[in-house]
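Below you'll find a set of structures to go through.
The same subunit A turns up in both complexes below, where it pairs with subunit B and then with subunit C.
And then the complex of A and B:
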């Protein structure tokens, strides 16, 4: 196995309160290999976006990183000064957010934003940056790239804007792209276009990707490996195919069954998980999922299960499903 | 109406704008108008769940508002069964509940407005409704802010049921919810459907959700109903190319077959729709006839399709 591009160890984030700090992310650890697509999946409030934001140190008080190490290609990101961190963002780590307007400056033309980004991070001349910008706009499949280059964000459709954001995230040739719900705000037909584009550019540039989404369908189509978050903890990681067909953690299985889908005979099935995910600071003792879990025993209520690694896949559960699948 | 029909839309249209401004009058210009809904016809029969599916901006929410009587159509006719009691459930459980009212009062309002219970029985009825949707009687004393999105949607459902509706309109009722919460709300709605035999119009952009909930489905594209058929037929044998492409475009949970199926092209500008068939600019089978003539809604198989051709005969290679 090649050395990981990104190594996250025991990453913890807290919500600072005067009385006490509330845990938002609790010792989250994972790796991303060069060129790999890691899917981060979970429900609202599970900590998926927080993970992405914490990696590039964009947490806003009262949120702060309270522990853990983040290593990108040998460099400790958690030790960088804010000034050094600014050079990492955009250059080595690109970002794609759910709402394209958060990534775009509304008063600058698309061309200006692309050339500024490249001029800041790459040794390119003004005319070279312009050329590359047009080429990026062409590669993202935008009709009439020259017109888009001169356009302001509001002159483009939602789908076109998201294409521009993808170009903007990739134009400085980062090693890692963090895509946070990149297709959630889009319609089904536009979503498939955007996923196709992300996949094409990923294959073309060889960049690694952290794909944050709540949509298991997007995970199934895009991710090489998946990490499942629940109440701020990483509860399962596995190769995508293994996770989808043989989830070990009861929560992962519950999430799959809660997604309406036809069975072999074409009859639609859906099964709800009882209860709801605990909010920040309200996690029960032991395994955070135990109040909703049909397999919970005394030990689950007392001690949080460790994320036990078993041959490339791991689940934080004392009584995992598909036990026989584990080597 | 025969008495089994709760709602009939006949060739209903809705145009926005279209009134000439002063400048347009001075220069004799035609005012620009937007045809949000064009000649949509369907009937909802007693006891059935009719689904409407389509992408944002296709006009499905406008159709819902017209069906609810919240908006007047600019063309066509609407027939309602006499004395239909109607309620609506909206997408956003945060803006659809008054934050200054206690849950008890929110749920009691339709009962009081329609005088459905004597005054001294209202509280008991509210408690009963809250229990029915999976909340507790004690929750009535709280304000909506105390609840999560899923619980708020339960409150919306309790409020809708409080009006003892014969006809329920649900506009993206689970789209703002997480998948595990969505499953709970869908379970609740299916359970209520089975027990109360509600008639409803269920609007969503989510195909698996509408497939789970609806008996019949109407597919809307650029303000037009392009296909209308029983749920099973829509998914097993879609007859309109857009229906087929829309079904294929949504990524499923199969991680082995990772192919993606985007619908070619982009949605045309709704204020300048294509001539003839509205879908022809993105349709893999479009011919000259499609640009020249607007297809009529015609009966094919178990449903109705607005297409000159039958996908079942022309589109085998697409389906494969």
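And then the complex of A and C:
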């Protein structure tokens, strides 16, 4: 196996308070190989976006990274000065924001925003930057790129703006792209196009991708591997196929059943997991999922289960499903 | 864009017409021009002749149109107090007020804008906290108190600047300027600072609020996530967004400065429009008051017009009619 491009070890994020810090992310560890697509799933508030934001050090106080290491191609990102970090953002790690309606500067043209980004990171002249910008707009499938170059964001539709956001994230040719819910804010009809575009660009450029989403359908289409977050902890990682067909953690299985799917009679069914995820600072002792879990025993209530490696996949559960899948 | 421009200009003219009408009512209904313009022993025939000459026998609308017609031809009526033309009186005072407003605007820009940026970009720094504390004084202290304090310190105690007047002025073809002589500059500094005190704090607070708000926005986070330098993020990306409301407020303030420098001019005996207005009020010189009212209205409206016409240049969202 090749050396991972991104290695995250024991990443912890806290919400700083005067009395005590509340944990938001609790010792999250994962790798992304060069060119790999890692899906990060979980409910709202599980810490998905926080993980992406923490990697590029864009947490807004009172949120703060409290521990762990982040290594990108051998460089420790967690040790960089703010100035060095600004050279990493955009250039080595691109970030695709969730909401294209608010992510673009309303008073600057698309071209200006693209060329500023490229000229910051790449040794290109003004005219080269312009050419490249137009080529990126073409590659992201925008019609009439020269017109889009001169346009202001409000002249474009939501889908077009998200294409621009993708072009902005990729234009300095990063090794890793963090896509935070890239399709959530879009119309369903546009979502499929956007996923196809991400897929195509990923194959074209060979960048690794960290795809943050709550949508297992998106994961199934896009990701090579999946990491499931619950209440700030990583509870399961596996290859996408294995995770979808044989989830080990009861929460993952519950998530899968909570995705609408037709039953034998063709009627769409959803089975929600009873209860709700504990909020920040409200996690119970032991496994954070135990109050909602049908398999919970005493040990689940007392000691948090470690993320146990089981043949290329891992689950943080004392009583995983599909035991036969384990050695 | 052309429709927008024409529409704005028409609106401006309409409001000016209304202001003129109110001012005209003031002249037409307050005071007795015959009693003031004629000697007490004037005969009935003389009174009748003046009534005809002034058109006082005409219906209200006709008199208003006559009033407008006169204004369009530079006839602003006669002052009851000095028997001079009101237009000439205002023209003589205008340079002093405009120069004062101009210098105080410069003070506002060169002090307010940099401090506002500091307070918006680094809201928790020592400098920002200090500026915000002092700026409370600027907002709460009335103009005349600031003026009197400045006179007490810099004129009376230190003797650096004169406490009244414009100093030596130079006549440039009808425009008397104090900005070409040393004593003129010495004289203008204290009143300009007094007049700017409120505007400066206003601009600081406005810019700070705007920048704090824009700084939180998604597009600024995205700009940071693309690795743009802090300088680019603040000065190109955030400032552009913060500028629009600030310019609006600043321009409206400029209208205020020109229109209502009455108090400051009073404190410093500055021979501008404000002093003229005070004198006219004291002697119930209705024609001067009326024309002053129209003038102030016109200044406000014209500044507003320019601000609105400049919006589309700053914000592409307002450029209508583009394909």
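Miscellaneous remarks
Methods note: the second predicted complex is superposed on the first by the 321 of 327 C-alpha atoms of A that agree within 3 Å, B and C clash if a C-alpha of one lies under 4 Å from a C-alpha of the other, contacts with A are read in each partner's own complex, and residues count from 1 in each chain.
Keep in mind that, in the parts below, a residue touches a chain if its C-beta (ideal position, glycine included) is under 8 Å from a C-beta of that chain, and two chains touch if they have at least 3 such contacts.
Here the structure is a predicted model, which is why all the values come from computation and not from measurement.
Room for both subunit B and subunit C is found when the two structures are superposed via subunit A, with no clash between them. In the superposition on chain A, A:192 contacts subunit B only, with no contact to subunit C.
By the touch criterion defined above, A:214 lies against subunit B but remains apart from subunit C after alignment on the C-alpha atoms of chain A. Once chain A of one complex is fitted onto chain A of the other, the partner contacts of A:159 are limited to subunit B, with no touch recorded for subunit C. By the touch criterion defined above, A:86 reaches subunit C but does not reach subunit B. Looking at the superposed arrangement, the partner reaching more residues of subunit A, out of subunit B and subunit C, is B.
In the superposition on chain A, A:104 makes contact with subunit C only, not with subunit B. In the overlay built on the shared chain, the residue A:15 is in contact with neither subunit B nor subunit C. For the pair subunit B and subunit C, the least inter-chain C-alpha distance in the overlaid model is 9 Å. Common to the subunit B-facing and subunit C-facing surfaces of subunit A is no residue whatsoever.
Residues 55-56, 148, 150, 178-184, 186-187, 205, 207-209, 211-212, 232, 235-236, 245-246, 249-256, 258, 260-263, 266-267 of subunit B are the ones touching subunit A in the complex.
Residues 217-230, 232, 236-237, 240-241, 314-317, 319, 322 of subunit C touch subunit A in their complex. On the side of subunit A, the complex with subunit C involves touching residues 56, 58, 86-91, 94-95, 97, 99, 102-109, 113, 116-117, 120-121, 152, 154-155, 165, 168-169, 172.
Contacts from subunit A toward subunit B in the complex involve residues 43-44, 157, 159, 187-193, 195-196, 199, 214-222, 240-241, 243-245, 254-262, 266, 268, 270-274, 276-277.
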